[in-house]
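Here come two complexes built around chain A, the first alongside chain B, the second alongside chain C.
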Partner chain A sequence: MSEARVPPFRRAVIALSGHPGNDRIVRIVSQLAQASKAELVGVHVVEVDWSQPLDADIAGRSEVAQRILDRAEEVAEGQGAALDAILLQARDVGAAIVDEAIEREADLLVLGLAYRMRFGGDFAIGRTIPYVLKNAPCAVWVVREPIPEEAS
Partner chain B sequence: MIGGRRPLPGRKLGDRRVRVERPHAPYFRWSGAGQLTARAAASRPTTASGRWWAAVRALFLGRPLASDEEAGERLSKKKALAIFSSDAISSSAYATEEILRVLVIGGAVFLAFGLQIAIAIAILLAIVAFSYRQVCLAYPTGGGSYSVSKVNFGRRASLIAASALLIDYVMTVAVSISSAVEQITAALPVLLPEKVLIGVIAIALVTLGNLRGLREAGNIFAVPTYLFVGSALLMIAIGTFRIVMLGEHGDFPRQLADQTIQTTQSAVALLLLRAFAAGAVALTGTEAIATGVPAFKSPEARNAATTLAVMAGLLGVLFVGITFLAVNYGAVNVGGADGQTVIAQVARRVYGDNSIPFFLFQGFTAVLLVLAANTSFNAFPRLLAILAQDGFVPRQFGFRGDRLAFSYGIVILAVVAGSLVVAFNGETHLLIPLYAVGVFIDFTISQSGMIRHWLRERPAGYVPRLAINAIGAVLTGVVAVVVALAKAPTSFIVLILMAVLFGVMSFVRRQYDQQAAELEVREDVVFDRPHREQRVVVPVNGINRTVVQAVTFARTLAADVRAVYVTEDPDDGEALRLRWERQLPGVPLVIVESPYRAIISPVIAYLDVLDKAWPPDKEAPITIVVLPEYVARHWWDRVLYNQAARLLKRALLGREHTVIADVPYRRGA
Partner chain C sequence: MFVLVVGGGKVGYYLAKELIESGHEVVLMEKDRGRAEQIADELGSIVVAHDGCEGRYLGEAGANRADIVTAVTGDDEDNLVICQMAKHHFDVRRTIARVNNPRNEALFRHLGVDEIISPTRMVLGSIEQDIPVHELLHLAALGGGELEIIEAHLQVDSPAVGRTPGDLTIPEGCSLFAVVRDGNPLPLRPDHVFRTGDKVIAIGRTECEELLHEQLIGSSS
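And then the complex of A and B:
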């Protein structure tokens, strides 16, 4: 198979935070997946703090968490792709995403990044993305949302 | 909605995660706060027979469509022209024949009037089409004259319009199909004995096409319509050239010339009026586009209005053109077993006897006529759905089937039209007198409604429009009277049917209104907790698991629970009491001896006594009758169980202050 014909990925894990920009990411990745018939896995992680047991009944009861995944499924279906939606509870979001990607032998991990400024004007990237960039064994795409007009 | 949770190890000890199952996902999707949307799996039948029936439906009708797939089902102007115009355009295939069939009574000389009559009808068509264009723009929600009359005249006029429309849609199917079969038998006389069967099969095929949904219908019907229009226009062009440039003319049958002398001196005006009334069938179907405006792609009203104008233009050209050729070629259908349709005679003359183009043209005409019925299959169910929304017909007519089509309306139309074809032996000219009367009543109501519309709204430049509608209303009103009288007494059947439909629709609405009044809940009332007392009665047949389960459930409903055992043997009852008090303490058992061996009536009588014993100064309690029920394992052993419970349930249905609760016991539960 020539270099040009190698599909960009075979199985992609999309981290879904529930941010409105998720729709755009799912749409883009679904379009790419369709061309190469790649598999898509959407992962949403509900962070459980140390005051509760890890297996407490939190995510299953969370309508918000379910809605995030259902919405991603719907967007993917709209593009003609199937998305396997996974709901996780974990102490650390980044670790859960990377571990899930490893378990599923994903060759691509996609994350969205909202454009946010910290107090003082520094760009805020958060904890999860640096962790994933450092620890994920597969390729990682970070899709930053456009800079809002008032910020630019 | 709570799913299971499965712990999973991480790369590090602290990175453990828990995967949460999502049991709702295959069946529902959260689409908003507190709002679930059912997916296809949730709508699948749960029983084996239901699944089998769904598979059969999917085989013939295609996979079920979701409601949000409807946008893709909207029609482009080209497809809509084919779907909604096939009725109007196809009437050019038999309208000429109906005129000439009347004129021929006066003999060959009178046939010359055919062209003038066709032109007069074409002018009427232009006026009606212009009016309906305005209906499309003013009332884009569809419904055509029904909507116009509802807004401008109120319920009664709108129901008259609706009755007329419904009857004419049925007649369109019956007439178009019968005429289609006649075109086939004109080309292939060997099929003549099977014409009723062919007609019924054709209706079944069109029904199937429509039950599959609108988009497919568009694809199925567009090609034949355009093939007919193309080949008919070609025929008119060739024929006109030969007649005008080459001076070609036809020969009239000998007997027509003889008849001329007898009839010219009397009843000329009547003959011409009757011919006009007969040819007025050409206008049928003009209103279909105004009824189906919502089926168009956006901008719906503008697209519908444009399509209507194109349709009227095409119909006018085809109708006048075919009549011109028929008159000049002396094409008349003198009847009889081998009677050739007028359009077949014209085509034979232009394209050549038994030539391939002739057979092709006959084929296109026949297919178009079959598909003309489709106009009604689109408009009739839509009108019924609008009537259902307004509460004039049962609400089922407003439900969409698997393929977004109004299945109930489609099936009803097919059954009634099929019955007419069978009853009239597939003879078009026998059906024609029932046709067109309703259409002209409908036109008149619609145009009168538009007059009121303009007078009320008074937009800029409304006067010319008002004038057109006023002329149209007067003309179509006169034509309605002429058509009704000219086609009497058969046409009176239509008027009677209209009155019956009017009565039925008013009755249905009255029932719905009464029900709504009965069930109405005042908005200012808050229902915080039940205020009526409850008591439970459990009819039992002994002590068994079914009964124990029912009694246990009954005790959760109220404090006042009692079991009733009907028996004809007092000893048997006493034995049960001893066991009951030991095993089900706290629940009184009432033993009812039944020396006449009845089971159901004593229970009802016992409930009556309970009611009478209730203190009259207290509000009557709700009596919950809990019925223990054993769930049979197979469909064939259902007959062995629960027969008494079933009879009791039937007897209790509708009883005041009484609720029936089935408590099914399943083996292994």
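And then the complex of A and C:
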């Protein structure tokens, strides 16, 4: 098979933070998946701090979490792709996403990054993306949102 | 069991590692962000990069549901504050503190720390076992530190030499129970006459130590 025909990925895990920019990411990845018949897994992680046991019933009761997953499925369907939406409860978002990608043998992990500045003007990348970039065994795509007009 | 370890130095790191390997749930608090990241790289997402001396961070780290809080920073004051907060604010059943300066041990006990680990005292104990000293040797602490097993190595000038246990004024709350003579442990009998070189083993309350010292070793002055 020539390199041009190799699909960009076979199974992608998309991290769903719930940010409005998620729609754009799901749409882009769904279009690519649909063309190559790749599998899509959408993962939303509810972080549980240490004051509660990891198996505390938090994520299951979260309507917000459910809405995030439903929305991702809907957007993927709109592109003709099927997305398997998963809700996880973990101590750390980055570690949970990487673990899920490993578990699913994904060859691509996709995350969104909002354009934000810290107080003082430094660009804020947060702690999840550096963790995933450092630890994910598969390819990682970080989709940064466009710079908002008022910030440019 | 859920154990909260405060302090990410060598002691804290290896303690957390061993506990994880034994299957316990562990959180480690380390205020130095760089060190915290280094430990997280090794042990996974079990590190809270905040100061354990601050109540709200201790809460975020799960002190409210910890079975044991152990404070092993290199700073006695911090360790005391952490155990006090864990005990009184979060109602933790068992607190364990590392005490670097042996002079602080009494204060830690007085303020209700359940268990005190003094590396300095341990090393001192090992040294004293090999070097004859005119002091009592602390072999072990029992009952959360209220009781101690003590060894007195009788020297030629000991007031106990040539006398029987009944001739001595043993303070209340203290009991002599064995003697090691020429390397052989013997139960202490009422007719046993103490000799130079005997190692007398006693168990007693920490406050009895001074009187016991007078009877077995001699006056401190």
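In this text, the second predicted complex is superposed on the first by the 152 of 152 C-alpha atoms of A that agree within 3 Å, B and C clash if a C-alpha of one lies under 4 Å from a C-alpha of the other, contacts with A are read in each partner's own complex, and residues count from 1 in each chain.
The rule we apply is simple: a contact is a pair of C-beta atoms (placed from the backbone, for glycine too) under 8 Å apart; a residue touches a chain by one contact, two chains touch by 3 or more.
None of these values were measured; they are calculated from a predicted model.
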| query | After superposition on the shared chain, which partner residues are touched by A:63: those of chain B (first), chain C (second), both, or neither? | reply | first
| said: In the overlaid three-chain picture, which partner chain does A:91 touch, first (chain B) or second (chain C), both, or neither? | reply: both
| By residue count, is chain A touched more by chain B or by chain C? | B
| query | Given the touch rule stated above, what does A:103 touch, chain B (first), chain C (second), both, or neither? | reply | first
| message | Contacts for A:143 in the overlay, against chain B (first) and chain C (second): which applies, first, second, both or neither? | response | neither
| message | Under the stated touch criterion, which partner chain does A:125 make contact with: chain B (first), chain C (second), both, or neither? | response | neither
| request: Would you check which partner chain A:73 touches, where first means chain B only, second means chain C only, and both and neither mean what they say? | output: first
| remark: chain A contact set shared between chain B and chain C covers 91-92, 95
| task | Name, in rising order, each residue of chain B that touches chain A in their complex. | result | 1-3, 5, 7-8, 10-12, 14-22, 24-25, 29-34
| note | In the complex, the residues of chain A that touch chain B are 45-46, 54-55, 57, 59-61, 63, 66-67, 69-71, 73-74, 85-92, 95-96, 98-100, 102-103
| task | Under the touch definition given earlier, write down the residues of chain A that touch chain C in their complex. | result | 49-53, 91-92, 94-95
| remark: In the complex, the residues of chain C that touch chain A are 27, 44-46, 48, 59-65
